[in-house]
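Chains here go by letter, A, B and C, matching the order in which they are written, and residues are numbered from 1 within each.
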């Protein structure tokens, strides 16, 4: 259920610059402005799409939200609290509530951990449950992503499974603590088209069942339209358009959005 | 994990060098195990104290003494077996300790970066340039005869830098991988990330380097013993060589001179072959099988 | 006379676990100047076909049957030396993530000129550079970028440089294996336009391999749908898209995302990868098929001709 009036995540004037180190052969230190004064809100319970090309800064926003990077300027507020100030206990608490699904299913699972070990990792880290209850929680998570019967998968290893299965395990891992907010960073760009649809359906299902808020990062406007309630378009580190998904597609106001729509392959049939 | 081991084994099996190395190792391991039996059969077969009541000088091989006797009538074959035991012990413990140290330091340096990394690596550099053998020789000339375990410890303390560099490099590349970031996002502490996530990924490399460390440990111990700085109460192959030399039997008793020398060479060679074959198992790129689509 | 006629091609790989039948009995033809799209999910064998055409199959691969007639010569019966004559001069390939194929320490223009000089010994360096200029025009790279190094190029530009390199020796056939994967929509559109452009101007045939049916729809005249090593539907693109017959084709068409049609909940059936080492004699799609009958898994399906330009491999679609 969406609560359109309740803002769960707020970005206020976020800026981030990446500096490359000066070296003998590359001349002066170069600065790359990844994000320039980006602000937007995400409402509780919605699936929010962030669409842009590579280098647009969309992945950086995702990483800032899960605190894999820190912004150079601006504030990030989760439920009204400034997350840039979180340390120790508050940080650990934050990590229970905000999770991430990574782009590359072939690299986002530790090859030496079994499925059970990978999915139960967040439970162990946060000291949730005992060995019996953890098994149940992992079972529930695996069921929710369609890996049934879950016990069959417990002791398998990533290299024994397909890309689609691995990504579902990564999703199960992200959801096992029932987080409030999940960043899905291009979760299907390394998977085939038909498997991608399956993953989208799983995400939509999870959203309904657990009322979790998703930030869906993608380069495909069509995928965002399929899955998301609202979409923001980002170009060269700046937000150029934001609004309900259908509106953006039918009445794009920014020329970049129009270019994206025009470039999308269309079936003439 | 068993499946992984079996898969690795099937690749290993096809490597000729690996097979030869493994066979040699098994032979030496058997030798080491058998070293306990001769003294039980007859006290005269004890490598250190066993003296044949009938012989009190060096003799060539006979039925009584398969490889002959040394200058005071002790059985050379039993000494050889005991030497195998010592070689394994020294080699493996020294290697194990240096790998333990090197892996831990390498992981911490690679993961922490910045100051910690710089300090640890400079320390590694300083130790690496010191000639191990020389330092141990100096120490033993200062402190007198060294106990075998002290020697093992010293070897470990001087040989960890090599492996730490490799582990550090591996850690640096692993650090950026998505599954490590996923662990961070899940809230894992640095300690947990290093020992639960990074360690299993570098351990195969550590084990590989351990095989190479064993070779250097065995050779260092043998050299020390040969030069007279070993533990006089242990019979090692190097010690046997020292006795041959010191008692002037170098050219008179090939049955005494050759066996320990050959054993040192073959054992170190077999560990080295093991390491080479393991490399092929660990690095899929080196394998002869080409991956398909 | 068709440019390329593939008849009953079968290719497999020797693996530790057995012989993997990657491609089974594929047949298709390609005329001069026409384009064919091969669509299927990962593991269906489409890349293997491309490699077989180029003579670039790895050591553990084995062609177990069929022939590849290119300009009336069977590529499979050629010696290594003869294949090298054909490769790149007559058939060129654009690999997946090809941008990594550019040498980072040489300037891009020079690399392409080098490719030209390597295959055509009569041409002078100046003439080669002139050709490079016209190629850059064709693929849409500004001429002032000729002297740049690859790391100055964006992903899309690198891909276009690779296309230029493939075109350098005026091949009659280009095989493009997932050329737009890992590229953004706008860049993808530019690459596809560049391909359509050179196809028209130079009358080059193209085989376009992709898992994304939408991309293929834009560029190709004919389409072949592949599943688990078999060609399951084949025909002119209009025919296949208007009246898809094979259940797999139908599911593929139902599971791609558009911007122009209404948003509908799509149902993608997820089956796991088929065991191609011990495959059943019947239809490979049975497990995922919604209209499968008992006989389907026991008897190999036969080709059903829906029209002279459209056929499907399925006993259920008569």
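In the analysis below, contacts are C-beta pairs under 8 Å (C-beta built on N, C-alpha and C of every residue); 3 or more make two chains touch, one makes a residue touch a chain.
This is a predicted model, so every value here is computed, not measured.
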Original post:
By CA centroid distance, what chain is farthest from subunit C?
Top reply: B
**OP:** State the pair with the higher C-beta contact count; candidates are A-C and A-B.
**Re:** A-C
Subject >> Rounded Å distance, subunit B centre to subunit C centre (Cα mean) >> reply: 53
Original post:
When the centre of a chain is set as the mean of its C-alpha atoms, what distance in Å lies between subunit A and subunit C?
Top reply: 32
Subject >> Inter-chain centre distance, subunit A versus subunit B - centres from mean C-alpha coordinates, in Å >> reply: 48
Original post:
Among the residues of subunit C, which are close enough to touch at least two other chains?
Top reply: 42
**OP:** Within their complex, state which residues of subunit B touch subunit A.
**Re:** 1, 3-4, 177-179, 181-189, 192, 197, 200-201
Subject >> subunit A contact footprint on subunit C (complex, rising order) >> reply: 41-42, 155, 182, 184-189, 192, 211-215, 217-218, 237-238, 241-242, 251-252, 255-260, 263, 265-270, 272-273
Original post:
Within the complex, which stretch of subunit A touches subunit C?
Top reply: 53-54, 146, 162-165, 189, 192-195, 197-198, 201, 219-223, 225-226, 246, 249, 259-269
**OP:** Going by the contact rule at the top, pick out the subunit A residues touching subunit B in the complex.
**Re:** 66-68, 92, 95-96, 98-100, 102-104, 107-113, 121-122, 125-126, 157, 170, 173
